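First chain A sits with chain B, and in the next complex the same chain sits with chain C.
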Partner chain A sequence: MDTATSAPAPPDRISPTKRRIHLGRWGVHAVLLAYSLLALGPTLLIIMNSLKSRSAIFDDAFSLPTSETFDLVGYDTVLNGSSFDVYFRNSFIVTVASVLLVVFFSAMAAFALAEYDFKGNTMLALYLAIGIMIPIRLGTVSILKLMVSLGLINTLWALILVYTAMGLPLGVFLMTQFMRQVPRELKSAARVDGANEYRVFGLVLPLVRPGMAAVAVFTMLPVWNDLWFPLILAPAEDTRTVTLGASAFLGQFERNWNALLAALTLAMVPIILLYVIFSRQFLRGLTEGAIK
Partner chain B sequence: MVFLAPATVIYSVFMVYPLLDSLRRSFFDDDGNFAGLDNYNTLFGNPTFADRFWDALGHNFQFFAFHMVLQNPIGLLLAVLLTVQSVRGLNIYRTIVFLPTTLSVVIVGFIWRLILSPIWGVTETVGIDTPLLGESRTVLPTLSLISVWQWVGIPMIFFYAVLIAIPKDLIEASRVDGAGSWQVFRDITFPLILPMLGIISILTYIGNFNAFDLIYQVKGVVAGPDFASDIMGTFFYRTFFGASGTTGSPAMGATVASVMFLIILAGVLLYMFGWQRRVTTYEL
Partner chain C sequence: MSELRLSGVSKVYPNGVRAVSDVDLNIADGELLVLVGPSGCGKSTLLRMIAGLEDVTEGVVEIDGRIVNAETPRERDIAMVFQNYALYPHMTVRKNIGYSLRLGKVPRDEAAQRIEDTAALLELTDLLDRKPGALSGGQRQRVAMGRAIVRKPAAFLMDEPLSNLDARLRVQMRAEIIRLQRSLGTTTVYVTHDQVEAMTMGSRVAVLRDGLLQQVESPQVLYDHPDNLFVAAFIGSPSMNLYQGRIERTSTTARAVFGAHSFPLQDQWTEGDGSGGNDGREVIVGIRPEWLVEQTRDNADLPSVRVRVELVEALGSELVAHTTIEAAGAEIDTPELAEGHVSESSDGAPCLARLSPRSRVAVGETIDLAINHPSVHLFDAETERALRPDRDR
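Entry: the complex of A and B
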């Protein structure tokens, strides 16, 4: 409503500052909405067109599928010609195993680093932290030789071990920050009651759950989405992860747009659903980790 | 120490040892004979290596510049807007803005490959008629923008974490003192996010050398057209494994990795001594 100029000033007129905030609010919405469109648009365009017939994809990419243009031919091709179930299983095993190992081993190491004052404590913490700054990929030449000599090429173990090593530096660093916040009295009380160190560790773990969540979130994304190590360490058909599998698979269908769009949709939708369901926890984990 | 053993052992065997061993290998030839600085001489002296190396390094810095100029300011802007009080539905926006970051690079690469493909013609509808990924002039900026589109969620969430940790009383107090929005941002918010700006910059710098995945997905290891999208990651891969007719060399691969290591180290040291020491971190 344009009351500012036309209407005579009513007695309870909104103060100028208040109006500015009000206008600002719509401005905030406008910018965020515009960016949301930019973030979602490409994804929606792919999903929408994966449900259309070939001619409709090219005739009018921006229209929704109608009863006339609706066509699932792409999904037929994809589901009959790929082993996405195997890829998903591999990715799932690798990601879950790496995340669990990183979370648990970081918690253990961080407990020791935050709890005990021993010689070389700071040096060890520093040694473990260096890895945050150096990409593990730079050691690829030697990692490949190492995995060959251990006979782990084309096994999921190769990936799990590398990703665990990759996630540990940040994991230990973050967990140490969280461990330091656990009240000292609690641990001494448990010790007075005769609990051994493993028992004390077990008592502390539930208290650093936000920390473990943060470490899990930070480890998960790079592992699930990595293309480099699956390509180099486990390129065999039955050890491919989704990322590598999708990469190779999509390459085959260079000319078949229905199949391409359907395959992309199939690869995206599970992740998007999982993300939307857990986004609150996920983003909270990231937020808590970020300020440490 | 039982608690420290698993983390230290796995980290040492699968990360520290390979990194050091890679450095060592850069001084040996492929048959394991000590070669001194021969590999480095080849890398910088032999035009087939040196030209590609300098090209790739230059592209890496352009890639980095795009992220610093676009990704991080946009991330900050979004984070600021997402922490404006008394606006509804911010959580929904936050979820949507972060969504591309959760997608794999393979998917993101392919989405944009299809959308920008002249065959589909989507770009023509919005008035772009050059094949953005096909011309050497436009391919690197386009790939940088795709990467910015995907990763903007990271600086957004990091800045967001700092912003929501700022006590409201602090801002209200200065409001009472008569400070406007801009003044509050300049005098309170900005100094508080400055340390995070440094962290994000150095993370962007390091991440930049990991940008292999997107280029590989969209342009392949040869990073065409005519190496216009070649970066250190793809150059490293080709040197190590070989591509399109050339044979790879582990020793030369290790040499490229060692040079990348030094470049990253230089950036990290610059950050630690040039930035971290000068910027005050306020405990809240």
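Entry: the complex of A and C
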């Protein structure tokens, strides 16, 4: 009992340490605000200028649209002058399919890695982690050859498969952490109740919903925004994604800035919607865990 | 309803740790057997092996004469209650209780009826549509019980089901579990680290230490005749006072000497060939705190010990005196058992006494305490096994 005689804590006053913490908090917020402005600035510029006439964009790119400069010609070009409905549909199919596949398969792999004690468990987890560090684009040539020999060039499947492969390493890594947090006794209880392994997996899934939402968000953004693989694997008119379609305005319509900016603005809408949906799940999952 | 039989059951983990060693145990139909031991003694591992959640490294687990080593939990038809209840957080109480019935493809009507019956039995009817998050600890505990009961399984396995409850609720649920088990008559294995729970609940109690079964007996026999030093120290609260000592005998008398004190041994110790076989034998002397009483004129003929009072705990119904005695305390290398003892000071070993609340002992006093019991426990200092006059004389 020789450690029991430590000095009692001093009475609660605004101590110098507290003030320092206070200042530190302001500093953090200043940095975060600056970063937000930096990140949001270009986005705001895109939205602002997509609503202006061509000459107004060149006159003063940083001014808000006024009644004189307001012009929807860009949106008109995008919505009526091209097949952007097809592009949007393609992007949507590719993104949603890839996200679903990544979430499902990474949950399964993570369940196995977290739950079963088998030879090579650690090696397998490490092997998957390597996938996080090595960019999939290094394998573009091989992927192209593979897709050609599979006859999948200019199909959405080519993109879905590549993006699933691209998202899985990080997905498995994240999901494994979430799976480890599910109490062992819960799975034991299910097994004793007569559940087979698939049932146990099914029982665990709702409990790792925050994890699945996080994986979905992390997978979704790079897939939606990718220009590289659509350009290489599926550049045909009817398999084009929004990003590739928008890039066509650089050149095809001799740098049609209005159309390009309008296309980019429109391209943000679905991804923001998806993000809101997934992050709701994310938050709901978090609070559910807190009450439990 | 069924009988469980473990023969030579061992668990060795891949890293070489031997969690359970060569356990033989028969649990009769309808019996409530309590597995008790300090944390990490392998009792939960043993339970998980019976449930089929851990592989059995060696030995055989039988349910009703059927070897179930290779069977999955679902094939063994046992129900388990876990320490943290392990309720499915996203399901209502109704679905939690009915989960096993749904998996077992019990017809919907029958399942609904059984859920209602179970809920009524456990007074959960009003809570059936709530989720576990909205229940109190005691209610969750009852749902966990309900999940086990609704299946009408061959056996219940309970893994410290009460240790997350507060003290009052624990006593209440303890009685409730005993009542339920009696009325259902289902074979039950109950794991706990709490010896009070073990003593009050079990028709038989199995004491486990470091994966080795120490003794399996009824609570009273465990208390009266512990097989070894560990059981002696583990069973009983406060735990037994233990001192290093030796047997001294002459042709006509024998006594156990510890420190400055001695206790005359029963006649049996002096019988035999008279060769003085046990003379000088190193032993550990065990004296239960409840045997010690204040020395008065009425019991002046009893053997006594002289102690110095260090601390007095008045519990209302009794008075626990922490004292020191002039003798060498016996160490037992299980940390859980060391708790509650006054740390050993230079002038003697701790000695606990449960005295009458009317006693007027005062801190700092040196008093004589009479040993109001016909015998003391003797253990071999080497093997730590109990010495019995009929066997070790």
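Convention: the second predicted complex is superposed on the first by the 175 of 292 C-alpha atoms of A that agree within 3 Å, B and C clash if a C-alpha of one lies under 4 Å from a C-alpha of the other, contacts with A are read in each partner's own complex, and residues count from 1 in each chain.
By our rule, a residue touches a chain if its C-beta (ideal position, glycine included) is under 8 Å from a C-beta of that chain, and two chains touch if they have at least 3 such contacts.
Computed from a prediction, not measured in an experiment: that's the story for all the values here.
K.L.:
Please work out whether A:Gly194 is in contact with chain B alone, chain C alone, both, or neither, and reply first, second, both or neither.
P.N.:
A:Gly194: touches chain C, not chain B.
K.L.:
Give one of first, second, both or neither to describe whether A:Leu186 is in contact with chain B, with chain C, with both, or with none.
P.N.:
After superposition on chain A, A:Leu186 lies in contact with chain C alone.
K.L.:
Based on the superposed arrangement, let me know which partner A:Leu207 touches: chain B (first), chain C (second), both, or neither?
P.N.:
The second partner, chain C, only.
K.L.:
In the superposed arrangement, does A:Ile153 touch chain B (first), chain C (second), both or neither?
P.N.:
neither
K.L.:
Quick one: classify A:Leu260 as touching chain B (first), chain C (second), both or neither.
P.N.:
Touch status of A:Leu260: first partner only.
K.L.:
Residues of chain A touched: more by chain B or chain C?
P.N.:
B
K.L.:
Touching A:Ala125, do we find chain B (first), chain C (second), both, or neither?
P.N.:
In the superposed model, A:Ala125 contacts neither chain B nor chain C.
K.L.:
Considering only touches as defined above, state whether A:Ile93 meets chain B (first), chain C (second), both or neither.
P.N.:
neither
K.L.:
Using the superposition on A, tell me which residues of chain A are in contact with chain B and, in the other complex, with chain C.
P.N.:
Shared contact residues on chain A (touching chain B in one complex, chain C in the other): 288, 291.
K.L.:
So in the complex, the part of chain B that touches chain A is made up of which residues?
P.N.:
Touch residues, chain B against chain A: 1-4, 6-8, 10-11, 13-19, 21-22, 25, 74, 77-78, 81-82, 84, 86-87, 89-91, 93-107, 110-112, 114-115, 120-122, 125, 149, 157-158, 160-162, 164-165, 196, 202, 206, 209-210, 212-213, 216-217, 233, 236, 240-241, 250, 253-254, 257-258, 260-261, 264-265, 268.
K.L.:
What part of chain A is in contact with chain B in the complex they form?
P.N.:
21, 24-25, 28-29, 31-33, 35-36, 38-40, 42-43, 45-46, 57-58, 61-62, 101, 105-106, 108-109, 111-113, 116, 118, 124, 127-128, 131, 133-146, 161-162, 164-166, 168-169, 172, 197, 201, 221, 224-228, 231-232, 242-244, 246-247, 250, 257, 260-261, 264, 267-268, 271-272, 275-276, 279-280, 283, 286-288, 290-291
K.L.:
Going by the contact rule set out above, which residues of chain A touch chain C in the complex?
P.N.:
Touch residues, chain A against chain C: 117, 183, 185-186, 188-196, 199, 203, 206-207, 288, 291-292.
K.L.:
Any idea which chain C residues touch chain A in the complex?
P.N.:
Against chain A, chain C makes touches at 14, 48, 51-53, 72-74, 78-80, 82-84, 86-90, 99-100, 103-104, 132-133, 147, 151.
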